[in-house]
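Shared between the two complexes below is chain A, which has chain B as its partner in the first and chain C in the second.
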Partner chain A sequence: MTTAPPQAAPPAVLPPAEIPVRARLPRWVLPAGGVVFAIALYVAFRNTALLPHDDDAPQFHWLNDVRDWIDENRNSSPVFIYVINYIRLFVGQIADLFTTALQGLGWPGLIGVAGGLGWLAGGWRIALLSVAGFGGVGALGLWEPSVDTLALTLTAVVLSLAFGIPLGVLTGRSARVRRVVTPVLDVMQIMPTFSYISPMVLLFLIGTPSAVIATVIYAMPPAVRITALAVQNVSKTALEASDSLGATRWQTLRKVQLPLAKNTILLGVNQTLLAALSMVPLTALIAAPGLGVDLLKALARVNVGLALVPGLAIVIMAIVLDRMTRAAAAGGRRRGPSRWAVGAVIAGAGIALTPALAADFPEDWQIPIVKPVNDVVEWIEFHWYGFTGFVNDSFANWILNPMETTLTTAPWWLVITTVVALAWSISGLRAALIAGGCLGGMALLGLWQHGMTTLTVVLVATLIAMFFGLLLGVVAARSTRFASALRPLLDAAQTMPTFSYLLPGLALFGPGRFTAIVASVIYTVPVVIRLVEDGIRGVPGETVEAALASGSTRGQLLWKVQLPMARRSLLVAANQGIVMTLAMVVIGALVGAGALGYDVYAGFAQREDYGKGLAAGVALVLLGIMLDRITQGADRRPRSRGLQSVP
Partner chain B sequence: MRKLHLIAGVAILAVSVAACGGGAKVNDTGASAAPSAAAPSGGSAAPSAGGTVKLAVNPWVGYEADAAVISYLLQNELGYTVEKKELAEEPSWQGMESGDVDVILENWGHDDLKQKYIDDKGVAVALGPNGNKGVIGWYVPEWMATKYPDITDYKNLNKYADMFKTSESGGKGQLLDGDPSYVTNDEALVKNLKLNFKVVFGGSEDALIKAAKQATAQQKPLLMYFYEPQWLFSQLKLVKVNLPAYTKGCDADPKKIACDYPPYELDKIVSKKFQDSGGKAFELIKNFQWTNEDQNQVADDITNNGMSDEAAAKKWVDAHPDVWKAWLPQ
Partner chain C sequence: MGTAAIEVRGLWKIFGAKADRIIGSPDATLEPAALRSKTGCTAAVRDVSFDVRPGEVFVVMGLSGSGKSTLVRCLSRLIEPTAGTVSIGGEDVRAMSGAQLRDLRRHRVSMVFQHFGLLPHRRVVDNVAYGLEVQGVGRKARHEKASEILSLVGLKGHEESYPDQLSGGMQQRVGLARALAVDPEVLLFDEPFSALDPLIRRDMQAEVIRLHREVGKTMVFITHDLHEALKLGERIAIMRDGAIVQVGTPEELVGAPADAYVTDFIRDVSRAQVLSLRWICRRPEDGEPLDGPALPASTVIQDAVPAAMETDRPLRVVDGDRLVGVVDRVDILGAVRNTIRATQGAV
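For the complex of A and B:
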């Protein structure tokens, strides 16, 4: 089957150099034979054993009935009136509390508090950054929605940590718990964000509570993973010492493990915070307030300038919160009483100013950026139209459509067999069985065709992202100057809310799959660059010198030494890349990228399509698990690194 | 793990004991009661005499025009704070139940949602027409109707399907739809009328408008879902394609529809809670009625004359005191 090579591509590029050459069959014979055989089967059986899409499938009706049942019993079933509705109330009240508190501080107060916290976390540099950052958010003219977004983010973070850190501690201390928790976290992180909004709404209705809970699902895994890692890594000697002094398990935890793990756990807080901040805007789709509302509106208007403003506000907040928590994690200087005093003075100064100054952020301080940006976009649209139209069409006609046709006209058993064989060769039997099961599940859900269409887009987008990521990552690893020029760009790119990535593509190429691909490439490339760069830089200096001394050219050094030795990082990059791409391609449904993402979106916008949307959400999770297992390759690793900006 | 469950259990128990023990129903959530005095997010600035109105704003500019004028009047004439909720149609209805939405100003039919939220659950109330007459249909640019006169009959669409092919339509003709959340039967229509077309979602009203402008200026073929009231019709002409005539009940099963869209009397929906305690704001919305022309004027100012919602609303309000004065509570 012709679709096999793309999946195999990342590892296939890098044959482990050290494997001794066997005398018998060359290594490529078996895979090549498999590919030829699959193609032959495809040609012979094309257009047989198809699973055509039916919008009216019984599975969808059944899910609609489930929805109707829940809707009817929301106010009578004990599960709802004693548990779920209380969770909704509880979460809603916490969010209200945060919103009221932050709004109540007023803008000078909030800037002051941010400055004070910045000072506590990392001295005057961070304090200055916090003041300037929050002031900048105000200058963008979006103070109020920014505070709403911040409040939702903090609510989600507090809840994530309240559950995540204890769970992380348990996970770190007990292998049994780890075995249960790890796969659950895996699934939580693989799930495309879009797919669990719908079930949230079913349980908790639209509004802030659903938004917060969806964000918690997205933001909690890094907290659990990093806490577990931190607790696990506390040195054995310290534990034994504590044991020999007769400390109880609880004492050991409180007096030894947690203090020693504190800084790493703070890194987990950092990751959780950034994850939450990038998820919260998306929840505007279900009536959560904040910057997401402005973003969605700009997206509907295809107005790049208008979307850039909330996008920037989020990036600024992300940078401030990131630096603040990271400085706190680094825990540089000790905090004497004077340190607290200075922080309190800064915060107090801001709060004291609140009654004195106007309640709304002053308009004369606001910087208009919408118009100049839109003028540029318009110019590009007008002058480049022929070119962008040509790129869009030829990409669709020569790459996307043929691939999609192949996948949708191949018999289902051939697709499943091929995927299973591929997964087996890359990641072993277990992964192969899981991948096969996921595909089977998609077929049973009645979403085979749409799944194949989404798969096409994901594969193409991942390949492109890997290509650029490898290229730029290699350059960055070789040139420190290039790397440091790239760094702020990567930082910004990784904290933009996911759907703002749709805009550049939308402006240039109009709605469609290509725009979704452009967006996911922009979204994914930074992470791939980072992992590739880290991987290549991680190759020991002696090895590089030895290679150079034995007369390797720079090209040989790269292909024969650095890339093969960075194999693990590259595999992780491929894996991360494919999972991130999936998440983004799905959001591409907002701009007409179709298939499963569209089903999900239509599911919460159109009553009769709810069942299909819910099924599509599950299908997306299955697709994600399948792609993840296939690319997981050689080894397991903590996923949270690389998901957000890594120091 | 066990400890965690225990903690969670205790927490839930504590909350449920604290809250009157009778179990929580979604409609009586105190936190989201409709017009609460001084919204937490309103800041301390505007002295809001009346409280807060949560106004759903659905994603098309005509609705934005409704919302602009009503918010302007609520704020400046009646002293209310308005919280605009940018939501798709169906989630707006859900907001009636969750307490996130008080008012929908321009509802397009949605008989199933009326059944559910008005008749069955009793959380919403229909307040009658807003005066706008809605039309939904399939349109081609004027030059196509002139060049191919028979294209306006759906029976001939297959003959021309090839012309409408695009990179996104998978070898069939493309029928361009808007936002996936809009009222649309197009996928069912294409299937049930056996048309060799594929519905492609542009994603928004602006995508549709852009396509219509391009198709007119560059004489490119285009078949698209579109609707009235719509300011664009004052700039260029689109011709409606005739689908099998609408008869009452022909659209009962959404997946089996094979007839045209009905004529819509766009109407206003408010939450039950807002009806009971909305005061003057409720009266204003109950009385609100204007014409397609009014709406198009405001929408045109917002879209094409670079005005903010508020400025466009003010312009219309200043010019039509006789119309809106009649909406004010007596």
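For the complex of A and C:
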């Protein structure tokens, strides 16, 4: 006879019968069952419901017709005559103004002004860097296109800030504005650079104004976002103190919020500058002048040496402008007229030299790099081909092609159902519906097959980037020495314009999908590393001590404490990684990665392909939104469940 | 004059959606926790009424979450009250327009904050002059005034420093100077010293007492520290769950706590240091000698100890010429012992 020993029975809230049934089913059964079911469906229905690609799809023709209709009405519709055309004129004139001014300074004058600004921003070090940097740009032998690029960049930055900072201030001060602006910024940030160039052309034609406006759209979100954040982060007590002394809203803004937010806003300026500099070269696709022209020409010819010259020029300018603005943002309270005087003297010295020196950057000072670089590339092609070719081929044969085949031969309804189910389980119903809608949209645009191909490349590149990023991030978080060795590399990576990542892959592996993947990985990994490292280091010291004090090994500490607590950062890293990878894969079209990116690219080049290019741009945005929603929800879900009641 | 400097009647502050519908409904009588679970609203201040006399130091004390910081912000509408009236100098604050309210804050009521609320990008002198600056006072005049106030709070010579170059105590002196610079009728203090070290806190309390003596402003002082309340307050209001439990002088609170909550609050207080002889004197027993030394009834018990030690006669407690009662050594020791027992109990 055994009677169960009397236990302190917990207060029965649920009928006990319900618990065991649910508890018996292990958590992995449902997902695993889903996977098996999906595979079975794939095997059964492979090569049915395919939505094959057609370059002459009616959708593309329809978009071409839209373009033609707009072109016909450009000079008669009031919208164009009174609004769009004026915007185009206005933006074009500002750009001309900047170009004329910068060209007018002459190369000694511009170098001098850069030095003076560098001095004002951060003293001698930055002044020297600026002079050396701009001198270096001259030495690369591309002074004129460099100045054009700089002028376009500055135009775009000035416009971005003129709209972005006030909008950011409004967003920071009003929760209502924030609710409207934030989702718009979210989408803008997901959009791959290529996608909004085509609609610009539709409205503003090709040329400088379109280029500047596209750049403004790309570069403004960080200005808005960071300004809003800066204004929001101003100490609540300081605001209350200002209120309590009877300051008006305007006084509080001018005397408290803006001065306190100033340094952070300067960081926003920095981000805007770098974004603009990364976008401007790409606008050569729509006939904007500058270094982009040389770059695209060289990339089209797969001439690494020739591409490296404008690439280096842009990288150097990016580094100089980045250091300058960051030094300005970090600057404390330095006052006094003497600083201005020294800056003015440096700038004045340069300007004074302009009439004295030759108008063009002296040829003797130019350093030829095209040939030596190409020699190295040729040497690599010749001697390493066995290795690079092997990597390239086996990657294609074993990973890319099978995956692409799977995605492109699966029936469309199976892909959509699988993605919706996946999104639902990770991020909830809303994300699932959005993801399904995006895929459906891609199918309706007539770009299903190309979308699947691009998706394959993005997924593979993201997985690789996440693998290396996690690995290096964990190592960096645990070894301070490794982290400090890595930091300059990560800093440099954040400054580099997007397309410059294409060059190393191009040198090693030649044009193709794999180069795009290599570029995406190099582009994405630094950000993932940083997020992972910050996440792990962000675990409170006391928690780590508590874990160590209870005898955890370093491995247990990592798996049981640090990684779970860094969950949010890891999910943000995945989200960022996937969005960045998409952006890069698209640019990979410049070096022969096909599919959607190439469709957009071709749309700029061929008049009859415009419709397809525009559709591909939209498809890319849909792809971006889909991937973002699927991964972003994973990070939001637990918070919204746990902490919602806190006011 | 007889008018109160600050008059608060039936003041409510409820955070949450549709908060104004709760007042007057049966929900208003609910406990805060019950109210929150039923309506999702938080009642931070519940039906509070009190008067502050001109020139008085009025302390509001309570534990964190008792609503005292919300209450003080309602006085100058940094937080908009949900219901009730507040009048300062006889003017209805809640009826004021935006401009009138700014005028009130610029000239008549200023505030000292727990975390100072200094502006890190401005020099000390510009921090102190901020209130004058937003009024539109010229640079020279406001800097003169600021320097004058800075020497009043003992910060002469620090005009050109930046706040982060000063210690916490000095930063709060800047906060104090900023509030004083506009020469207000009323000073509001929101736990101004709780972020400071104990020794510096004591200095700052002495400073407030000194300033009160010198400038004679009406002060409303929020604190969670009972000893600070007893030291500074001419009258003290004890808050709990958004409502005032008791208002009185320190003596009244310690001698006659209104309920168990206040009793628990004041149990560590040394009665011999707060209460006067009035609270422990008794009728002389038959045959007790009445020729001992006479002490005024308002003498604090502790201060009667030397007199009691010098004589074996009971002390006569007098109010003017009238005999109120007597106390002997046993009575005094009893008052001291109560304190010791309570303190030990607490430890």
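Just a few scattered comments:
Please note the rule applied: the second predicted complex is superposed on the first by the 561 of 647 C-alpha atoms of A that agree within 3 Å, B and C clash if a C-alpha of one lies under 4 Å from a C-alpha of the other, contacts with A are read in each partner's own complex, and residues count from 1 in each chain.
Heads up, the rule we're going with is that a contact is a pair of C-beta atoms (placed from the backbone, for glycine too) under 8 Å apart; a residue touches a chain by one contact, two chains touch by 3 or more.
Remember, it's a predicted structure, so these values are computed and weren't measured experimentally.
Annotation for the three-chain superposition on chain A: chain B and chain C fit side by side.
In the superposition on chain A, contact is made by A:I81 with chain B only, not with chain C. Judged by the touch definition given at the top, the superposed model places A:T248 against chain C, while chain B stays out of reach. Look at A:T480: by the touch rule set out above, it reaches neither chain B nor chain C. Of the two partners chain B and chain C, more residues of chain A are touched by B. Using the contact criterion defined above for the overlaid structures, shared-chain residue A:S235 touches chain C, although it does not reach chain B. By the touch criterion defined above, A:T48 lies against neither chain B nor chain C after alignment on the C-alpha atoms of chain A.
When the two complexes are overlaid on their common chain A, residue A:P511 makes contact with chain B while staying clear of chain C. In the superposed model, A:L260 makes contact with chain C only, not with chain B. Of the two partner chains placed by the overlay, only chain B lies in contact with A:D360; chain C stays clear of it.
Minimum Cα-Cα distance between chain B and chain C in the superposed model: 22 Å. Common to the chain B-facing and chain C-facing surfaces of chain A is no residue whatsoever. Across the interface of their complex, chain A is touched by residues 1, 3-4, 7, 12, 15-16, 19, 23-27, 29, 31-32, 40-41, 43-45, 59, 85-91, 94-95, 97-101, 112-113, 116, 120, 167-168, 170, 179-181, 187-188, 191, 200-207, 210, 254-255 of chain B. Those residues of chain A lying in contact with chain B across their complex are 55-56, 71-72, 74-75, 78, 81-83, 85-90, 92-93, 96, 99-100, 103, 144, 148, 163, 166-167, 170, 177, 180, 201, 205-207, 284-287, 289, 293, 296-297, 299-303, 358-360, 392-393, 395-397, 400-401, 404, 510-514, 589-592, 594, 598, 601-602, 604-608. Listed in rising order, the residues of chain C touching chain A in the complex are 15-16, 42, 73, 76, 78, 101-107, 109-111, 113-122, 130-131, 133-135, 162, 175, 178, 182, 188. Every residue of chain A that touches chain C in the complex is listed here, in rising order: 235, 237-238, 240-248, 251, 255-256, 259-260, 262, 333, 647.
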